[in-house]
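Following: one structure in structure tokens, then a few remarks.
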Amino acid sequence: MGIVFHTVLFYLLAILACGFAVAVVLSNNIVRMAFYLVACLGAVAGLFFLAGADFVGALQLMIYVGGTLVLLIFGVMLTARGPLANIQTSRAQWAMVGLIGASLLAVLLYAATTAGKWTHSGQIVADRSHVSKPTATPIGLALLGVRADRLNAERTDAALGKGMAGYLLPFEIVSVHLVVVLIGAAYLARARRRATTPPMAATSGDSNNLDPGD
Amino acid sequence: MADFLAIWLPSWLALTLAALVHVTLILTLALTAAAAFTWAERKVAGRIQDRLGPTRVGGRFGWLQAVADGLKLVSKEDIIPRNADPLLFRTAPYVSFCASFCVYLALPFANGWVAQPLDIAVFFVLAVAGLEVLGVILGGYASGSKWSLFGAMREAAQVVSYEVPLALCAVIPVMVAGTMDLVAIGNMQAGWAWNWLIFHNPFLFITFFIYFTCAVASVNRAPFDLPEAESELVAGFLTEYSGFRWSVFFMAEYASMFAVSMLAAILFLGGWNGPLPITVWLGLAPNPATGYEPHALLAYFGNFLGMVNILIKATLGVLLMMWARWTLPRLRIDQVMTMCLKYCIPLAAVMFVGTMIYLYAFPVGLIFRSGGG
Amino acid sequence: MAVEGVDPEVAECDVRTDEILINMGPQHPSTHGVLRVVLRTDGEVVLEATPHIGYLHRCAEKIGENVSPRQWIPYTDRMDYLAGMNMNLGWSLCVEKLLKLEVPEKARHLRVIIVELNRIASHLVAAGTYGLDLGSFTPFMYAFREREKIYDLFELVCGARLTYSYITIGGAMADFPSGWLEKCEKFLNEFEPVVDELHALLTDNTIFIRRTAGIGVLPAEVAIDYGCTGPVLRGSGVAWDLRRDGDPWYTRMYEGYEFHVIAQTNGRYPVERPGHPVPKAAVLGDCWHRYYVRMLECVESMRLIRQGMEKYSRAKGGIGEPIKLMQKLPKGEVYLETEAPKGQMGFMIVSDGAAIPWRARARSSSFCNLSVLSELCRGCLIADVPAILGSLDIVLGEIDR
């Protein structure tokens, strides 16, 4: 009977995600689009939680829903002309997007139907109990180079040393990349001070001064 | 709870019932907390300002004031400005409220008393708490008013920035505890008060204050209440809101104030463990030294005491925020950002490194025993 | 967008966003009345602030041409309604000068006590609402609590709490009731520690200093050019106070009184609070100094009141008779400025020999002080606009008249 409950929730969240995804495409109003996208990504996060991947789910919430979209809406607010900017989509754009979307859907459908494990219904993936299971630890270990899922398979030290690099290298590359992006963004966005600043101290608040006397 | 019900009921019904019970409990807590804090805020403000605050509604101390306020708000006219985007304007308060309500799903009230035990509870709480800003931004933008827009812009800038030091500060106790499971972190601090993580090492002690500062900023309380700075932006993102929708935003604010205080209590102040191991003495909690396991009923009572304990700690946190609000002037937006980027983040980073070195140098603790598991 | 420092030069080269035209007021919590300020902003940086006035215009001057001078006194109450006594005094002195009417010694001291009390009340409102402008609610309550006590004292002498019409041409409407001086003394004793309380909550508060020090700096020359007076001018370091430097007809009132003109000259204030130096971040002429001048003036006014009470109880005779309601005025014109709490309040009367003046005119200090707003707000942040406006301490009833 647990299957029914799980399935109902799954379909509910899936329909929500798909519905809001379609709403994103159909809406003309850019802020509404962003809102629908939030709802869609939130529903996807719900799917992750349902599947027992709470780390990925929380990640989805934090990075996509909380971080990226807030910045997106922030950007829209700053740049949009008029209080509620509308976007008109031309027919050519519709056709192009339809083509790309359809081909992507085909690829995904193919992958989904041919993946071996998914086709025959076996055990339920997420048989959640009321006690939390360590879900983040294996991910963290893998990022540091210890593949917890392979630990049980090969327990010899040689094997541990050999094929166990995990994701340390990609992890480091990504972090260095992010640092570069951060510095670059800060460089681009910085205020370009002119060499000679006219004496406008009259209107400038000195907020650098930590200790205002006294 | 679901397992318990499943003995008699089909599992889907048991799950649904269990979920409903949890949700109802948390919702009641969030709403009661909001109502109680509205009243407390007025009383605290009154006392600080040399006046009485509410005195009449409900007899003594005006304890029914919150209900009267609520009735007034609900019965007010519902206004949507002509320039507003009606859909987003209507939705925004609920987005905020859902976010601050969802935080409680992962917050334990006592050993094992948590709606959804999560291995990554700290991460989940931070992720969801950050979503409250979405409702504020949407509301501010959808209002179609420039003051609201300014409020929303400030909110976005402020909250997104303050999430960084807040998360950094939350990571430090997590590093000491070696787990993100809030139940485990709470249990680890059982015993005497010096087992609390705030007293684990000097760096964590300082971290607590950075955390609290950033928490105040991330829930937009004075002196960081810039998104609704009434003397500058009329009421910021709340300018066009009235009646029920305004009260939903209001409840969201109080709910998240309580939530960050509770998180502080669990991460730093021993969670549901009092300063003295009274529950162990009374045989209400398991004693690791003797291997004693209390009877289920006794453990239940012990947990109840623990819940009272953590609620008191969180309430103290909220009262501290109120005290600050009624004492301090408001910072300016650039000063708020300077505070975050120039002081809070570097300080939190230093505390992070410091704690790391401390853990490496003194794996079993210097003076007191190590809280690390 | 953190715009740190608000150097407009930097703001110019910084990330630009669309300019927004935004209405601050006439219904806004911190415009101190029905003032409308149109702000042109780039993000949070104000490029231009234009004050629009006239929402409270009541044709007071025109009315003055249709009623006799004594009948006009209630209208002066409603100009600076936070300092009605000072308004009464300004007009009374002006008409008395036209009539060459001397008030008795006792009335002189009575007037000093009353107007200095009202100065404290007005400065309390200024300091309290200034805290409110900066987001600090509690000092406002403390300041208003003390102001209520002053209003209680006024209620005892004239029955009104806000619009008194108490000081009148030829003296005052009534003498102090018995026991009033003791009540006044009691108030002064209670008020002294409250000043320190306000200093602790605002003046010395780090956030308050960071919000006001170096903000809205008004150099002395600019202040003089714009005709700024009162604490706004003295906050820029110009020691100019009509109680000392004004028309003899007015300064005679303060003869025999000892008081300092509060202004920072040569880097120091005439009165200093031990242990609390001026913060390093404060620039002469900024919001902090304007606010500080008012706080110190409260203490000076207390000194004046104490002297006044002593002189009053020693003075012999009555407090003078008000002139007749429709007394004929001599032909001629008189312009007299007095030091009201907000600045120099000038009254002018032109008479053609009838009982009703040919022209009655009021020169508002707040009007000139407000005119400097756009100068001060250029390049500041939106949050600084209430800070600057509050430090100018305007009252719209006087600007619009």
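Every chain is named by a letter (A, B and C) in the order it is written, and numbering of its residues begins at 1.
Heads up, the rule we're going with is that a contact is a pair of C-beta atoms (placed from the backbone, for glycine too) under 8 Å apart; a residue touches a chain by one contact, two chains touch by 3 or more.
From a predicted model like this one, the values you see are computed outputs, not experimental measurements.
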item	value
Centroid-based (C-alpha) most distant chain relative to chain A	C
Chain occupying the middle, per Cα centroid	B
Distance between chain centroids, defined by C-alpha means - chain A, chain B (Å)	25
Between chain B and chain C, centroid-to-centroid distance (C-alpha), Å	45
Separation of mean Cα positions, chain C and chain A [Å, integer]	58
For chain C, residues that touch 2 or more chains besides their own	4-6, 43, 210, 381, 384
Touching two or more other chains - residues of chain B	153, 157, 332, 334-335, 338
Multi-chain contact sites of chain A, meaning residues that touch two or more partners	78, 205, 207-208
In the complex with chain B, residue positions of chain C that touch it	1-6, 20, 22, 28-30, 43-44, 131-138, 141-142, 145, 201-202, 205, 207-208, 210-211, 381-386
Chain B residues touching chain C - in the complex, by the definition given at the top	45, 48-51, 146-147, 150, 153-154, 157, 222-223, 225-226, 229-234, 326-335, 337-338, 341
Of all residues in chain A, those that touch chain B in their complex	1-2, 4-5, 29, 31-32, 35, 38, 54-55, 57-59, 61-62, 65-67, 69-71, 73-74, 77-78, 83-84, 129-137, 205, 207-208
Complex interface listing, chain B residues touching chain A	1-3, 10-12, 15-16, 83, 85, 87-88, 91, 117-121, 123-124, 126-128, 130-131, 133-134, 137-138, 141-142, 144, 149, 152-153, 156-157, 159-160, 163, 180-181, 183, 332, 334-335, 338
